[in-house]
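Here the chain labels run A, B and C in written order, and each chain numbers its own residues starting at 1.
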Amino acid sequence: MLRRIFSIAANTFRETIRNKILYAILAFALFVIGMTFFLADLSVGDFARIIADVGLASIHIFGVIMAVFLGITLVSNEVERKTIYILLSKPVRRFEFIFGKTLGLSVTLLLTTLAMATVLFLVHFSYRYGGRAEVGIFIASAGIYMELVLLTCLASLFSTFTTPVLSAIFTLSLFLVGHLTKYLYVLGDQSKVEAVRWASRFIFYLLPNLENFNWKNEVAYGGLKSFSILGWAAGYLVAYAACVLCLSCLLFARKDFK
Amino acid sequence: MIRQGPILSIERLSKSYPTGFWRKPVRVLSDLSCEVHANEIVGFLGPNGAGKTTTIKILNRLAFPDAGKVTLFGGQVRDGADVRRRIGFMPEQPYFYEYLTGGEFLRLCGQLCGMSRADTESRSSELLSRVGLSGARDTAIRKYSKGMMQRLGLAQALLHDPELVILDEPMSGLDPMGRMEVRGIIRDLKAAGKTVFFSSHILSDVEALCDRVIMLHKGRKVAEGRVEELIGAETLYIELVVSPVLPADRLAAAGIPPDAGYAQGALLVLRAADNGQANRWIAGLLREGGTVLSCVPVKKGLEEIFMERVGGSDSTGATS
Amino acid sequence: MNEASRGAWGWVAAFALLVSIGFSWRLLPSRALPESGREVRERPGLLAAVSRRPEFAFGFRNVLADVAWLEGVQVAGNRKMTRWDYDRLYELLDGVSNFDPKFEIPYLLGGLVLGESPDHAQKALEVFERGKKEYPADWRFPFYMGFTYYFSLGDAVAGGRATAEAARLPGSPAYLPGLASRMLSEAREPEVALSLLASIVRQESDPARRAVLSRRIREVTVERDLQALERAVETYREKMGTVPRDLSDLVRAGILPGIPEEPNGGRYLVEPGGKVRSDRVSQRLRVFQKK
C-alpha cells in the first residue's frame, strides 16, 4: 500500500515539476521577492522589515496560487484525460490514489516554498541597511507551507466532485474565510443567545483555521514565545488534513467515471 | 490454466447514468448476464453506445452498477488488489501521462502492480518489442501517434502477466498492419493459456478471432454463443461464378431465370437458392458450353445475425 | 470497496475533525483574539501601513476602510478597554479615514468612544475635526466636540462654544442653544452629562452605536451615584462619628431613602476608609472628580 502511494506521489511530483505554468508562477514570485530589495529603499526606516513583510506576503500569495492551481487539477486532470482509468485498473485502491496525489503535490510545494524562502532570506541578508540572517523567515515560511498543504487537501476534496473552476472558487473562499474565523468566534461570543454562541463555536472549529499557521507577525517581531506552537500547529494540520482527505476518499470511493 | 466454472461472470447487471439534475437518467445497461470461461477469447460486440464500455468500466471498478453482480475468478478472492493483479485492462483510446516516456510509464505501472524493478525492466523490453515500440521507449508520450498510444496501452495491460485481459476497442485507430499485429498478440495470449475479453464494433475482427461472442444492443444482450454455432450451418444461397457471360437465350435454355444473376466483367455471378437448384443450373450451364469457375455456399455472417436480432429486439426484448 | 469500508472513511474523518478541534482549541489562546485584553502593544498592522499610502490599496480602498472599521468596532466593543485599546482604536480610525474619508459613522462613534478615555480626548477631538471637514454642514460633529470638550477635558467654555456652533447648523435639535448656554454657565456635573447623552441616544437608531452610548450612560450613572453615596457617607460620619459598615446603615440612619441600583447589575460597596465603589467598575471617571 505504501509503495503504491509513494509511486503515485512520485509520479505526481514529476507531473507538477514538469509543469511549465508552475515555473512561470515561481519565476514571477522570485522576481517579486527580488524586487523587495529596491522597494525597501522607498521606506523611511525599518528597511529590512519591509523586505521581510512584503517578501513573506509574496511567498504566501504565490504559494496559494500554486497550491490552488495545482490542487484543483489534481484529480480532474486525471479524469479528463482518462489516465485515471489505467491507474485504477491496476491494483490501486482509490484512497491510495488520493493520498498519493496529495503527498506528491505537497512535496512540490515544499520545494517551491523553500526556494522562495531561501531567495527572501538571501535578499534580507544582503540588504545594506540592517540586513541580517533572519531565521524567522524560514519559520514563517514553514507556517505558510502548512497552510498550503491544507489548501491542497481542500482543493483535492472539491475536485473529487466538481469542476476545476468551481473547485478554485470554493478553495479560494475557504482560504479567505479560513483567515477570518476568529472574528466568527468573537462575534458569536458576544451574542446573548446560548445557541448562537454554540453555533458560532461549532462553525469556528468546523472551518479550517488558517490563522493557526500565520506566524508572520510573531516571527518578524520576535514574539514567537516558544516553538511548541509550531508543534501544535503541525498537529492541527495533520488532523484537519486527515479529516479532509478521508472525506475526499469517501466521496471518491463510489464515483463513476464516464 | 483450466479451472472449474467461469473466470468472469456477470449477473443481471443494470446501470443508468444521470443526465442532468431534472431529467430522467439514461439506462445504459439492463439486466445483462454473461460468462467468460478460462482460456477463451470472448468478443463483446455491439454498435457505438450499446453499453460495451460501461460494462468494461464496471468490470474494472471505474463505475458501479445500480443492480447486479460481477464475480471474478469464481469469487475465491475478494475484489481488491489481489484480483486486480490478475487482470490487465486497456481502456478505449488510452491516454497516458504525456510528460512521461513510454519506458517511464511502464515502470510506474510495474510499481503499482507490485513488480520488482528487474521484472518490470525485462517485461517492458519484451512487450515494447512485441507491440513494435522498442524504438520509442525513451520518447515522451507527448510525441506518440494515436496508433503508438494504442500499442503502449496493450503493453501496459500485459505488463504484469495477467490471467484475464480486458481490452476496450483494441483495434480502433490502428492501420491494417497494426490490426494484424494485435490479432496476433491476442492469439498468442490464448496460446499462453490466458483469457481475453475484448469489445469491438468491427464484426470482422470478432469473427476472425473469437471463440465466443456476446452481442449487445441498447444495453441488452441480443445474442451469445460460439462463433461457429451462431454463424451456423444455415446457407443463405449458393454462389456460382461462370465464364463466359452467356447471352440471355442460352441461359433460358439452361433453365436459369434472367434475374438469377449479374455480369461482373467477363464473369457471370449467379445465386442459387439451394443445392438442388445449383445442381440443375450447373448441369444446364455445362450443357450450354459455360465453365463453372467456383461454387460457394454463402452462410450467414455475424453481421446478418446481428441485424436480424436487433430488428427483433427493439420490440420484444433480448432473445438468445 | 464495499459500503462498510466507505462508512469507515466517514468515521475516520469525524474522528480526525475531533482531533483537529483539540489542536485548534489548544492553539486558541496563542492566537491573539480581538476580545482578549492585551498587555503587549500590537504593532501597527499592514493595514495601517497601507492606509498611509492609500493608492496601494489598488481598487479596494472602500473594502479596506470597512475592514479597518470592523476591526475598530471589535476593539471598541471590549468590555474593559485598556490604554492600548484606545491607541489601537485611534490608529484604526485614522486608517479608516485615510482609506475612505467620506465614511461618516467611524468619526462619530469612534470619536465618542475615544472621548471616554481622558488621555485620548484630544485624539477624539482630532477625529471629530476630520469628520467636520468632510461634512461641514452636519451639526453632530461640533455637538460631539462640545460634549468631549465639556466632559472629557473639563473645558466648559470650549464645549459651550462648539455646542453653540452646532446649534447654528441646519437640522440641529431645538434644545441645543439651551444646552450650550447651560454648559457655558454650569460646572460639570453628571446630571448634565446624562441629559446630553440621553439626547444623543434619542438620535441613534443603530443598536451597536446605542450599545456604546448606553455603556457610557451607565458609567456616568455610576459616577453620579458614587458621588451621592459618598456625600451621604460624609454626612453619616459627621452625625455618628464613624464610617458606616454597610451602605444599608445610611438608610437606617435616615440619611438616604434607599440605595440606588447599580446600572451594571452589580452592588455598591463601602470601603473601610469611607470610599464607595461599585463591584463592577474598577475605575472611576476622572472627568467628574471635583478638583
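A few notes on this one:
Quick note on the criterion: contacts are C-beta pairs under 8 Å (C-beta built on N, C-alpha and C of every residue); 3 or more make two chains touch, one makes a residue touch a chain.
Since the model is a prediction, treat every value here as computed from it, not as a measurement.
Ranked by how close its C-alpha mean sits to the mean of all protein C-alpha atoms, the top chain is A. Of all chains, the one whose mean C-alpha position sits at the greatest distance from that of chain C is B.
Rounded to whole angstrom units, the spacing between the C-alpha centres of chain B and chain C is 84.
Centre to centre, using the average C-alpha position, chain A and chain C are separated by 40 Å.
Remark: chain A and chain B have CA centroids separated by 49 Å (rounded to whole angstrom).
Residue positions 93, 254 of chain A each touch two or more of the other chains. Touching chain C in their complex are the following residues of chain A: 53, 57, 93-95, 182-183, 185-186, 189-190, 204-206, 209, 211-212, 217, 221, 223, 225, 229, 232-233, 235-236, 239-240, 242-244, 246-247, 249-250, 253-254.
Residues 17, 57, 60-64, 80-82, 84-85, 87, 89, 91, 93-97, 99-100, 108-109, 111-114, 153, 156 of chain B touch chain A in their complex. The part of chain A that touches chain B in the complex is made up of residues 3-4, 7-8, 11, 14-15, 18-19, 81-93, 254, 256-258. Residues 1, 5-6, 9-10, 12-14, 16-17, 19-28, 30-31, 33-35, 40, 43, 46, 70, 74, 77 of chain C touch chain A in their complex.
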